[in-house]
Every structure is written in structure tokens, then in C-alpha cells.
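Structures follow.
Presented sequentially are two complexes of chain A, the first with chain B as partner and the second with chain C.
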Partner chain A sequence: MWSGSWRVRFQEDKVSSFRKSKTAEPWPENATLYQQLKGEQILLSDNAASLAVQAFLQMCNLPVKVVCRANAEYMSPSGKVPFIHVGNQVVSELGPIVQFVKAKGHSLSDGLDEVQKAEMKAYMELVNNMLLTAELYLQWCDEATVGEITHARYGSPYPWPLNHILAYQKQWEVKRKMKAIGWGNKTLDQVLEDVDQCCQALSQRLGTQPYFFNKQPTELDALVFGHLYTILTTQLTNDELSEKVKNYSNLLAFCRRIEQHYFEDRGKGSSSIRSS
Partner chain B sequence: MAAPLELSCWGGGWGLPSVHSESLVVMAYAKFSGAPLKVNVIDNTWRGSRGDVPILTTEDNIVSQPAKILSFLRKQKYNADYELSAKQGADTLAYIALLEEKLLPAVLHTFWVESDNYFTVTKPWFASRIPFPLSLILPGRMSKGARNRILVTRGQPPFYHLREVEAQIYRDAKECLNLLSNRLGTSQFFFGDTPSTLDAYVFGFLAPLYKVRFPKVQLQEHLKQLSNLCRFCDDILNSYFRLSLGDG
Partner chain C sequence: YSTVHSLEPLPANGPDFGALGEEAEFVEVEPEAKQEILENKDVVVQHVHFDGLGRTKDDIIICEIGDVFKAKNLIEAIEAHVLAAALFNAPLLLGEDALPNGLDVTFEVTELRRLTGSYNTMVGNNEGSMVLGLKLPNLLGRAEKVTFQFSYGTKETSYGLSFFKPRPGNFERNFSVNVYKVTGQFPWSSLRETDRGVSAEYSFPVWKTSHTVKWDGVWRELGCLSRATSFAVRKESGHSLKSSLSHAMVIDSRNSSILPRRGALLKVNQVPRLGRGESHTGARFLYGTPSFNSPAPPACLWKGLHLFYLGGPTSVRGFSMHSVGPQSEGDYLGGEAYWAGGLHLYTPLPFRPGQGGFGELFRTHFFLNAGNLCNLNYGEGPQAHIRKLAECIRWSYGAGIVLRLGNIARLELNYCVPMGVQPGDR
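The block that comes next holds the complex of A and B.
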């Protein structure tokens, strides 16, 4: 399955951060990751999630091919993107994918003690709670962004009137969720304030270390990278969101570092992560 | 700060100053930071529902939601976190997010959705403290709100029914309790010897789960096995709330 020279090249790479147990099952070469169409359809929050999974798999040294499909959301077992197709199994979202990869014998967080694992889980929840929710809010509840960007992108692969119907349906769903968790009455400024608080917390936790748990990246690094990089590189109606992240220089350095280590130097094989 | 601060919140029982998690968070924070709060317990004379409880009223402001109330108190210089380092402050935010995502659904379920618990304990307790005819409507509305929140945030495919979601949220809650117990270890509070915002939140979420007597108790049983968390709740109750427990 693993061609000799290819494996040697990866092993001789810079310090690899994943640990492989002796009974690791082989990772098939045709593992695929599905997301929506990169250029015209995918939205900020889905792009962030997809990038986080790609980063995680790169950190584990597990190759995966990225395939873009317009109906990726509907193909996914949980309705969320991205999802990976490995062998005859389909797993979606970062949490379950981390578990799945761990069952195959690869893990980034085995070296952490119990307190560190608790911290890692807590910070991942913080990113999901604040950053992801803020992204969803901005995409679906801010009228300017909805009108100019989201509606057009979300429904772009479909003919009229399906494109409008699907976009309104999704918007209704997201608004319902926002209301249930108490974000329904928030203004855009308050949401940006929350983003700033979250970035400040991440920046303080990261400090001057290269990764959140010092020398080795974990799934938390992948998740944070996915969200921050996408926020920094996606064109929205204005720059307020990316400005919040740019205030923290160690976060910018962190994104650059991961981009360099895990995406630029790996050559081709997976598609470039630059958003259009 | 001489302006009187009044807090409207749900009352107490089973040895707690309040059985409502969010009210308890605010009350605990006020005790930790030394804020002089006048607590108005909601009872039968309360008129109308003004939205979320707890509500903090000052001369010119009305603030609701625990996060906003705590923020307001901090601005008034009642700050329980000034001894924390920057990293500890960041950890606080992260752990609060963990509580809200992993523990809160199961707590809501135990109180408001699990039928045995809801009909024998929660509903009668709240209905007895709300004036008629709201007592017929409000508990039902709160229950629907809780169920809705659980389904909307956790009830994604492949879970289509509440039963399937239940197993998952209780699993998550037990894991969260284990993580909290690991993090607390043998310390008295989460960050050293003085209580902070995180202690207020953990206390607010855990104490009702720990003390209220329910028929269906799976999460409570799990919590009771984590002796350091139980000791944590008891310590705070004894040190900060002993004097006000005269009428229970």
C-alpha cells in the first residue's frame, strides 16, 4: 500500500508530530475529503471547518485528496462538511474524525496529561462556541453579508428558484439556532467584541510558544488554524472580522508557521489552500 | 459604589440559595467579589415576566444574562479575577465554553425535559412561585425552551429523536464532569486559594445538580462519585452562603 520511497520522504521530513502505534491499520491511498465547491459556493464557516480537518490530517501525516462537490452537505452523514471517505467508512466533522483517526492508531494528543487534555477540549469548545458561532452569525444574520455574499454563493450551483429556497431555508435554520443559544438579540458589534475576546484568550494561551502545547501541534492547533486562516483570507463586505484577528501578532505568526510547515512544503497532491 | 444593586432571581431550596443555575452563578460571583447585592427572590407577588431571569437592576440600568451581569459588576470594580494571570483568564473563557457546550444540555434535560423529574419536582416548584395564571404557562414555556435548545444545538442527524440525543448529551456531560474533576484536583478553587469567575460558573452549574432531589438521577450519581467536586460545592455553600440559609 505505502510505496517505499514515498514513505521515506515523509519520514525524513521535518520533525513529524504524530505517533503511530505498532498495530496501526494502514491508511488507504484513496482517502478523500469532500467539501463544497471552492470557488463559487463554499462559505466562510464551512471553509474553516474543512481547512481544520485538512490541517489535522496533514499534521498526522495522513494523505487525503480534496474533492469539491456541490451537494457535499447532503452527502454528509451528519449534514455538516467536511466529511472524509476512508476505505468503506464515512466520517464527518473534526471531533468524530479525530476519534476515527485515533482508532486507526494515529493521535496527536497522546502525549498530553489529563489536565492538558481537559484544557485542549475546553479551548476547542471555546473556538466552536465563539468563533464558529460568530462566523455563522456574520454569514447568515448580518443583512449586508447575506445579501451581497451568502445567498448568492450558497445557492449558486442550483437553478432558480431552488437557489433562493435553499438559501432561505438555511438562513431560517441558522437564525433559529442563534435564538436558541441566546445570540438572537446580539448586534454585530457585540459579536465582533466576542470574536476579539476569543482571539485575546487564544493569543494569551499561545503566548510565545510555537503551538498551543509547546512543541507539537494537536487537534486544537488544527482547529484554530482552520478558523483564523480562513477569516484572514476570505473577502467579506468589510474587514472588521479579519482586523480583530490581525491585532494579535502571535496568532498571525502561528497561522504562517502552520501554513509553511504543513501546506507549502508538502508539494502538490492536495489542492492549494488559498481561497479565491 | 453607593448605587443599590438589586438582583431578581429564582429562590432557593434543598440547602441552596437558588435552584436556578444562572441565578446561582451571579449570586456566587457577587459573594466572591464583595458586591453588595440585594437579592429579590421571585415569589407569588411578582408581576409579569420580563424576560430572562436573573436580572440586575440599578438606578439607571437593567442588565440580564449572567455574562452581561458579571461584566457590569466588573466595570463597577467588583472584580473577582484581578489576581488571575492572562493565561488563567483565557482558561476561564475556555472552561466556561466547555460547561455551556457539554454540561448545560444535560443539566437542562435533567431539570426540564426528563418527564419524571419535570412533573414531580421542577414544575411544581416553579409553578408555586409564579402568580396565577402565569403558573400554568411559564413552566411549560421554559420546558419547551430547554427542549428546543437541546434539539437545535445537539439534535443534528444522525440523531433525529430526543431519545438518541439524550444518550449522547449524558455521555458528554459525564466526560465534562470528569474533566472538571481532573482540573480541580485537590485544590480548593480552580485558580489557587481565592474563588474567581470560573468557580462561580462551575458552582452555579453543579450545585443544583448536586443538591436537588430528583427521581431520575443518573447524572447526579455520577457527580457524587467525583468527591472533589462535591467538596468544592459544599465548601462554597458553607463559606459564602451559610448565613443566608436561615429559611432554606
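The block that comes next holds the complex of A and C.
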């Protein structure tokens, strides 16, 4: 008996030291997250993505400093914000960041079984395909929003005529992508309908639980929070988008809960959710 | 001016010739050119005719050819036929008329074709490229030229459209407008750069010097060459707009630009500060005598980070291309100030093989290069800057063979001993 347990302990040691050698250094104190300028430049979709990553890192208890740079989009290795600079590594977007953090030994979804993990991935896909695309559509394909908000914000750090050139270039790129995924001919109402359906699905899955997978938040919670919170607190040309979310009270409560739990104590709740 | 002139057979006695100003009809007659040794005869040019003009305008011809009227002898008349290459190819035909020493000058011209194409390959400074060009010379009749050029190379790809207009009567005074796009890769900094720009320049001579004032507006886009690019370089990625005004002055009395035997070149250029922009001044001095030459490396304002780079086969030999000075994780960032100089001695090959023929293209080459590159700490004042540039000098010496390729290029094969290598240099 005694020899058996000794053998098991030896195996465990080998496994854990192997894992340690695969992961690099521990999470450094000076990890930084880069996004565009908060006040004048960043757009709805990028803000949502950045907030999702910040929420995720908070949930993992990993400190990160947020740095705003006008050229964050171009600094990123994949062209998308946010990205984190940890030690010598640069990783962008939530998916790869979750993988990177997992390799360092931190994970929020370890407690889930295979079925739940598949479900979580499916809902994350839903948010990316519906909510994120709807945000991009509203920003770049709705003429009113483009004219009043997006164009001016996107080009704000650059001098004339570069500000117009870059904004038109980006708009053309997004419109092309929309056509490729079949959203080119959608109207604004259809897009808002899609948002409503997505919120309905999320609301149903959440039910009365505090988080999507009951007691502990996962990366899905971070992602949903990032998008919903940003939609609720961003001033657009009209309130239609945020109204769609406000229809679901459990989603509102969910956002408020995460905000209080993970952000308020750090003083980040500068624009808190207004209850209707 | 009439566009066609018929040459009648020359009369036996000069003064009896009638119709001084008689213009010919549009009749083309095969001229019977009378062969005469006219070299040192005193002449007075009475008429100048042009044969074969199509789109070239009259006023520019008057300007260019005005000197012909002032010619006192035939040599001068021929020499006054200047810069016609911009307009046309022009052999000279002469006839005698009226006064015993009167001269009727006829230019039989062939205007340059409306469109010419060219294809070149260029090899230089460890990179090669293929250049395709399209030229529309003498576009509107006054020696304007539009050029389109496309260049595809190992380090850089570019295309550009340029419009050039000289001042009629004084081709050294000219202006040109260019539109261009250049894409390049710089592995020593792990940087990729795309520039789209517009520039306008105006050149004019002042006594023996030639001045150029140029405005350049560029939309610059920087990107990382790979995922392993250092963060210091990654921070520079993105778009920016640069506008600059520069002035250059050149005095060149050399007799060859590749291996001059005599003469000197002095080129000074400066970029004054515009608003929040940078300013810089550079000078390049080359002096040559039959056996001694001192090519100084050019002030390379690298557009990537608006900094200077040092190192490479045309600046400090023995160091890798642009691989001297401040660097981060293997990427070279460049510096705010530099100096560089070189001393070169060229001699014919030992034992003079192939003397008088092929061997003349080669020279043995002994050199001493030195330079330094650093960033300046602006709080310290000019003496600290000079001190900083004087410490940790990189230098190298060596010997090799130089081969001159026509008047265009030179090939060098050198053995270098780098000295004063600082940590981080390559």
C-alpha cells in the first residue's frame, strides 16, 4: 500500500514539473493591454472586445494595465484589438488570449465537462456571429451612424486628409466583409431583430443563475458582459440597440452583477448601467 | 517659320541671289548638300529653318535657337544647338545665301516619338530590381515630359508618375511634380513600409551652383515584418502623414560620377523645421584626384523611423547593412545623429595585367572607413553631443578590388577588418 501511493505521487510530480516546463514564466506584474483611445477614438465593437478581455483577466485574478494608443489596431499582430503584451509575447483577441492564459495554468472552464464546454463554445460563436456583426453593421453600414459618429471617431487621431482616407478605407473593408457573410442586403430592422433573437437565446440560457454555468463565471460570461455592457452604455444616434437588450431583465442584472463584482472596486464603473 | 524649306542648288555668284526672305512652299526637295570645309569661315547667320516639326511649339524653338543667330563662326553655330535632345534629334544642314558670308541654317529634325518604353535592370547596394518605364517626351510642344516608372526589386517595389517642365530658353530652370507609391522591406529592423506621396520640386541655377527646392507630402504606413518583431518597432506601426520642405545645393566639377579623376562634388541639403516636424542638415563632399579618392557615405535619411542608419558596403564596410547603433531585440532602430567618413586609395592592379584594355576597368582599393551613430540627449548641450559622437567610434580598414562597369556602377570585393565594434553591432 505504502509503495503504491509513493508510485502515484512520483507520477504526479513528473506531470506537474512537465507542465511547469511547458509554461513560461508566471504572469508578470507589468502585463499590458492595448486598445484605442478611450474618449475620442474607440468604436463600439472594439470597446466590447476590449472589455470582454479585461473582464476575463479580472475573473482569472490576473492584473493587467490598460494602455490606450491611437495605432493599437495596427500594432496588433492580427489587426484586431485588444491585444496583450505579456513578457515577450504579444497575443490578440479573446480566443487566443484564453488559450495563452490556460497555458500559464489559469483557466475558468476547467470545471466544465465536455458537453458544457461544447455548449459554451457554441454560445460564444453565437455572440461573435450575431452581436459582434450587428455592432459592426450599425457602425459602418448605417449611414446615419457612420456620418455622425463612426467616421469622425475613427479618423480623429490623424491629420487631414489621412483621417478621411483611413475611415473610408475601413468602411469599404467592413462592407465587403458584410457582403461576404450575407449581411450586405440586410436592413437595420432585420439586424435589430437578429440582436433581439440573440438576446432571447442568451436570456433563456442564463435563466435565474448568477452566471451561465451556475456559480462560477467563464469566458462566455466575460464575452457576453463585454458586449452587453458596451451596448447599454454607449451613446448612439438612437437607443434602438440598447432597448433590445433592456427588454431582458436578467441580462441587465447579470451585467450589473459583474460590474459590481469585478470592476467597481477598481473604480472602473464610470458609466454605470441605468435602469429603465 | 516655315516648316519645310527647299534647298535649291547654290548659285555660282553669291550677291546676285534674289528673294532674301522668300519662303518656300510646302515642297520637299531632296537637298543636294554641297560639301565644303566651312570650319573657320566667318559667317553671319541670316535665316534658320526647321524641317519636320509637328507638335513642338514655335516659342520654345526661338528661345533655344536664339544663340545660333549670335554665332560668329560655324563652330559656334553648331555649339549653339543646345539641349535639342529634349525636343528632337537635329542634324545640321547649311546653305549659303545673300551675303558672301551669310548663312542659312536648316535643322532637319525628327521629333521624338510620342511614347517610348524602356526596360532596365538595376543592381546596387546588395539589392537588385527591374525597372519598366514609359516616357512621353515633349508632350505639349515645350519639352514637357511625363514619365511613368514601375520598379520591382528584391527589397522595394515602387511606381510613380512624374511631370517635368523646363523653362523655355533655360533648361536648368525646371520644375517637376511627382506622384508615387513605394513599398519596401527592411529586415534589419523587421519593418515593412509603404509610402504614398506627392512631391513638387523646382530647380534653378545660381552662378556655378545648382539649387533645388522640394516639397514632399507622404502618407506613410509602417508594419511589422513578422511576429518576432521587437516591441519597440511594433509600437511604430500604423499610419502617419509627413510633410517636408527641403533645399539642396550641388556644385559638381568632377569629370565622372563613378571613379572621377579630377574635380569635387559638394552637396548640401537641409530640411527646415515645419511646425512640429523634424529638421536635419546633411552635407556630402567628394574629392578626387587621379590616384586618390575620398567618397564619403551619403546621409541616409531612412524614412522608416526618420532616423539615420549606419553600416553596409557603402558606408562603414565590415558591418552589416544598417546594423550599427541602438537596437532592440535584434532590430536596429537607427539614431538621431551620425557622422561617417572614409579614405580610399585606388591604384591600378599590381603587375598591370591587361594594361590599356580590360585591366583599366579594375583598380586595387585600400580603404579606411569610420563612423558613429547615437541618440542625442537634448538636455546636455552641443559639447556633450560631440563628445558622444566621438566616443566608441566604429571603424574598419581593408583592401580589395573595384571593377568599374561603364559609367553606371562599380563592383567591389573587399576584405574588411572591423574595429571598434560595440555590443549589439553586427
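Basically, the second predicted complex is superposed on the first by the 240 of 276 C-alpha atoms of A that agree within 3 Å, B and C clash if a C-alpha of one lies under 4 Å from a C-alpha of the other, contacts with A are read in each partner's own complex, and residues count from 1 in each chain.
The criterion applied here is as follows: a residue touches a chain if its C-beta (ideal position, glycine included) is under 8 Å from a C-beta of that chain, and two chains touch if they have at least 3 such contacts.
No experiment lies behind these values; they were computed from the predicted model shown.
In the overlay built on the shared chain, the residue A:Lys121 is in contact with chain B alone; chain C does not reach it. When both complexes are overlaid on chain A, the residue A:Val90 reaches chain C alone and has no touch with chain B. When the two complexes are overlaid on their common chain A, residue A:Ile165 makes contact with chain C while staying clear of chain B.
The partner that reaches more residues of chain A, of the two candidates chain B and chain C, is B. In the superposed model, A:Ala70 lies in contact with chain C only, and not with chain B. 77 are the residues of chain A that lie in the contact sets of both chain B and chain C, per the superposition on chain A. Interface residues of chain A facing chain C in the complex, by the touch rule stated above, are 69-71, 73-75, 77, 85, 88, 90, 158-159, 162, 165-166.
Residues 65, 86-87, 89-91, 93-95, 97-98, 100-102, 145, 148-149, 152-153, 156-158, 179-180, 182-183, 185 of chain B are the ones touching chain A in the complex. Residue ranges on chain A touching chain B, taken from their complex, read 77-80, 114-115, 117-119, 121-123, 125-126, 128-130, 176-177, 180-182, 197-198, 200-202, 204-205, 207.
Of all residues in chain C, those touching chain A in their complex are 219, 222-224, 227, 231, 234-235, 237-241, 329.
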